[in-house]
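So, here come the structures, one by one.
Shared between the two complexes below is chain A, which pairs with chain B and chain C, respectively.
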Partner chain A sequence: MMQRLLSGDYPRSRALTALLLIIGVSLALGPFLFPGVRAFSMLGMICVFIIVVASYDLMLGYTHIVSFAHTMFFGIGAYGVAMASDAFGSGYGALFIGIGGAMLLTILLSLLLGLLSLRVKAIFFALVTLAVAFAFLSLVTQLYNLTGGEDGLAMRVPRELGPAFRPFDEPWVGFDVVGFITGLFSAPAGAFQNALFDVRISGKHLMYYVAFVSAVLVFLFLLRMVNSPFGRVLQAIRENEFRAQALGYRTVFYRTAVVIVSALLATLAGVLFALINRYVNPENTLNFELMVFILLMCVIGGMGTLYGAVVGTAVFLLAQNYLQDLLKLLAGFTEPGSLLEHLVGPDRWLLWFGLLFVLSVYFFPTGIVGQLRLWAARRRQRRAGDSPLAEQGDQHHAS
Partner chain B sequence: MSAHDEILEPRPQGAIARFRAFREKQPHLFLLVLMMLVAFFMMDPRTWVVLTISGLAMGAMVFLMASGMTLTFGLMNVLNLAHGAFISLGAFAGATVLVHWLNASAGESSLLANLAAVVPALGFALAVAGVVGLLFERLVIRPVYGDHLKQILVTVGGSIILMEMIHVIWGPNEIPVPRPDALTGAFLVPESWPVIGGVALEKYRLIAVILGLAVYGMMTWVIEHTRTGILIRAGVEDQEMVEVHGYRIRLLFLGVFVAGSALAGLGGAMWAMYREIITAHMGDELMISVIVVIILGGLGSIKGCFYGAVLVGLINLYVGYLEPRLAAVATVGLMVGVLMWRPQGLIPVIKV
Partner chain C sequence: MASLHPETASRPVLETRDLTINFGGHVAVNRVSCAFHAGTLTSIVGPNGAGKTTWFNLISGQLAASAGSVRLFDEDITRLGAAARADKGLGRAFQLTNLFPNLTALENVRLAVASRHRIGHVFWQMASRRRDLTDRAAAYLEQVNLGRRAGDLVANLPHGDQRKLEVALMLALEPEVFMFDEPTAGMSVDEVPVILDLIADIKNKQNKVILLVEHKMDVVRSLSDRIVVLHNGELVADGEPAEVIASPIVQEAYLGASADEPAEEA
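Moving on, here comes the complex of A and B:
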């Protein structure tokens, strides 16, 4: 079953498997393992951005199409449902009108972008998408009677998915993992008791699980897609487009199809984002900085591996939320007012992340996942390359 | 609209043919004339003159910023997305001179004293951006020559680092940069002049136009008439051949990259005085215009870059006057339209 579910594309590294399991379990049981509003909203964002980054990886990693318009499609999804709820109220009908409208617009725009990319050189595509995305951002900011301009829109979600909906009177029990581990060091006796906390199930949790299930389904779908003949052609285009063409594949069709699929998934993620966040503005959906973040997540996790999207998203969002705390701690040790303090101040987390990013492009171009797989493959090779005696010894050990 | 004018000529066949030839051979001039004519009929002449001058001024500043990027691409095949950060860097360096170091001289109202502050400010912006460009080429770009994907990635990363360093050094807030007295205000066109009498032309914009034209002229001269220029053109045509002849093309690359970054810094400093307020993210916003310009003109062409910048400046001002909300959309629409018409840009050759 695992074979079918993962489409035969296993993590191929024990460390990676462990990492993925940790992320998977944390997300699946998230609201019951990490107390607090901040952790909860971060978990939701991880689910949403796994979809965004995985679909971006389909373009960047598998086909080497660099697009800077991914946030545009994300924004179309988010604004689509937000504007629909603004106009038609909070029912499911409005929601589906919004989703339908956003999807249509996305198909239209991505088709145009895909077709435009045929007319220009590959490197142009990055620049053209950057300019188009900027024009879209400026349009959304300017048409304030429709979109709320800079202020954005508050999203009215269906009652079952909002905080007011309480399906259960009794609170459920959660288990604070981080609290438990720190508790083991400070007060081992009552650590287990202290780590228990109440979880009041509300529509927000329901919405979280909608996002989580969507993320899992999209991930498995993409895994299926890249390991299908279609995905093989994409990789062939990545390695040598001319040759793929010579073999008789219509690369034009494949490239356009990839752009559209990836854009549609980004739109879906945008819809989920609007529903979870319940507030949409240009800064949290369309900003160029967000686009750069998506790029960072994709590259740090590992381009050309969908597992990389999961790992990259988790690592990046953790850093975004908690690296600042760490830096604040560090800044406490420096002289106040000195240049050093400015360098390690909590607002400068992006500086360190940017540095890390550039270094990782040089030294670990395949990202976290690629590196873990490389190490695992080397170990396997070493083992296979050893003398048969040693291998026998290994078997001996195993028995 | 110019098509109608041509049809009225006595020999329609020949005129249309000539018009077609003009459109195909001089697409940049065709587009420029078309845009100016369309705008001319949509507003009154005085507004049109003011907007055209302002558009040219904006075009001149954008040209300063974009010329470096287009040359780096044409010569080295490097797509430097951190170019915007150099624009910001130049703006902040120039502002430091104006606001902190020579503020006494910048605050006076005589032209000479003002120039004694503005020229060092521009020079400092040029120098800072150039030096940082040197380091940037060595540390960030050199390892990724020939790999576009990695170039995009590391220059995006490098741009983050540079912008954050600006935050570290100058603080996160926006900085007001008052323009020196002698450069504010406007010339009044004498009332007696026909049509445009009484129009006020802002001094600073005229200065920007002059500076832009000067840099354009100088670059064209260097590339067409000096030994370095010949080497640059040869390098664009065929890198290996230049190396075979014993020239150190890496050094040439480095020189062009530094010059390009320095020009971006100069453009940034000019922009700072034009807008009179700067933020670290101003480079990102200007980057869009820069990208549109280099795509419009054709990657790697100086002439195309110049005309592209003028077109972008003009359309920004014209549309900004008619419907302010659509200025950015019109700019990008212009780019998409030109790409549909001529996928390689207006003046596609990488030669100048």
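Moving on, here comes the complex of A and C:
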């Protein structure tokens, strides 16, 4: 069962398995474990960006196609449904028209980009995608009649997926994990009781679970794909495209297929984003900064592992959202007015954010997942007294 | 001097007609016409820079011809890319080892097997569930004496083993035309017979076209049915091994130039 679900591609590290379980449980039960609007929207963003980053990893990590147009496809999905709801109202019909239109445009554009990779290679392809993405961004900004320009569009979601929908009269019970742990230190007696909170189930929760289930399905689908004969060909193209061709693989077909699949999944993520966020603008969907963040999540998690997309997304978004709080906490301990206070002030969060990522890329060039697997392999090898090469070989070894 | 177009009853499997390529002003292969029939092993000899590998690249599609044509089973394949030609039965083992370094030896061969079985597009099935393909790949590895290396990353294999793997990949493609480009170059003396036996085995058991670029004249003499000599991109001699080796043009152009075996082409 597990073998088939994960396509035989296990985490291969106990620490990684534990990490994935924590992330998985936190996402699955999230609304009942973390109270507050901020935590809730954070959970939704993690689900959405797992799809974005995992599909990006299919291109970058497995096929070595560097594209900067991933946010464009994300934006097409988000704007597709937002514009449809703007024009046709909040029904499911409008939603599906938006999804359909977005998917069609995505297929068309990604097909063109994929075929283009026949002519332009590597860095030049990356530059072309960058140009296309920027052209799309300015198009969206300028067609403000349709897209709302810089102001963006409010997404009108179907009633069942919005906050007004209340399927249950009674609130459900949630258990605040963070509150419970901090409570254990401050007031251990009432910690359990104090950690309980009410969860009023609404359409937002329904929507969250749509996103969560989508993320799980997309992840398992991609895991199957990279471990299929098709996925092996992708790895062959990554390793030596010239040789893959000499073996009879029409690499243009494979590259194009990967670009299209990856783009379609990004579009799906964009749709989910619009439905969760209920507001779409160039800043939150098409921005180049967002593209860089996607790239970072992929690299920090570990390229070419897919598990890296899950870990990278969770770590990155957590850091992005909670580093400021942490710094505020730290600043409280420093002497007011000192240089140290200035350095750890919450306004300096971007500095620390950047530094963290420079360090993580420097010390973990294969990403968090790559590093955890390396450590696990070394430990296994120390136990078995096996050769280190055999363990590395394990990574691609057929079962 | 032997005839350029040997009379044979059967249709040729592979044929090049006036095949030409020029790089800028330099004509690397100049109007080479040659036909190859099933069941024959043809050696291509000539000094370094004679255009042997370039000719191979034109046949298997790594380079596009400036003029002339390549025909496989009477079909013009000059316009096809390398992948399409491999699909039609042109198998190539490269002179400079050209593999997938960060995949295992077994995975390398399995990629060739998967290509032969045309399942590269299958994305819904786990690769490891196709035991039949894995077993086949393992069998080809056995054939080149690499069975015990199946799980090793190719990057970690010694040079000789990489050359053997190169041959295994071509075997796995089950091609109609086998193109060996100096298969034994850089191999240790005791490894060479493995490859030579394999080539002899293909020659004896399969009715295929075998092309062999080789510098070691004893190898050429013992294996070939026919020898083609290239010099400065032109076909200068073609015929029975003994006849060609004895011909003055070969003595001058190739063997006469240096008494020793020429060094391996860079």
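One rule holds in what follows: the second predicted complex is superposed on the first by the 358 of 399 C-alpha atoms of A that agree within 3 Å, B and C clash if a C-alpha of one lies under 4 Å from a C-alpha of the other, contacts with A are read in each partner's own complex, and residues count from 1 in each chain.
In this section, a contact is a pair of C-beta atoms (placed from the backbone, for glycine too) under 8 Å apart; a residue touches a chain by one contact, two chains touch by 3 or more.
Bear in mind that the values here come from a model prediction, so they are computed numbers and not experimental data.
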Determine, under the contact definition given at the top, whether A:Gly231 touches first (chain B), second (chain C), both, or neither. second
Between chain B (first) and chain C (second), which, if any, makes contact with A:Ser7: first, second, both or neither? second
Touching partner for A:Phe124 - first (chain B), second (chain C), both, neither: first
Along chain A, where are the residues that touch chain C in the complex? 4, 7-8, 224-225, 227-233, 235-236, 239-240, 242-251, 253-254, 257, 389-390, 392-393, 396-399
Residues of chain A touching chain B in their complex? 64, 66, 116, 119-120, 122-124, 126-128, 130-132, 134-135, 138-139, 142-143, 288, 292, 295-296, 299, 339, 342-343, 347-348, 350-351, 353-355, 357-358, 361-362, 365
Per the contact definition, I'd like the list of chain B residues that touch chain A in the complex. 79, 140, 143-144, 148-150, 152-154, 156-158, 160-161, 164-165, 167-168, 172, 284, 288, 291-292, 294-295, 299, 325-329, 331-333, 335-336, 339-340, 343
Where on chain C does chain A make contact in their complex? 60, 62, 81-84, 86-87, 92, 94, 98-104, 106-107, 110-112, 114-116, 119-128, 130, 134, 151-153, 156, 169, 173
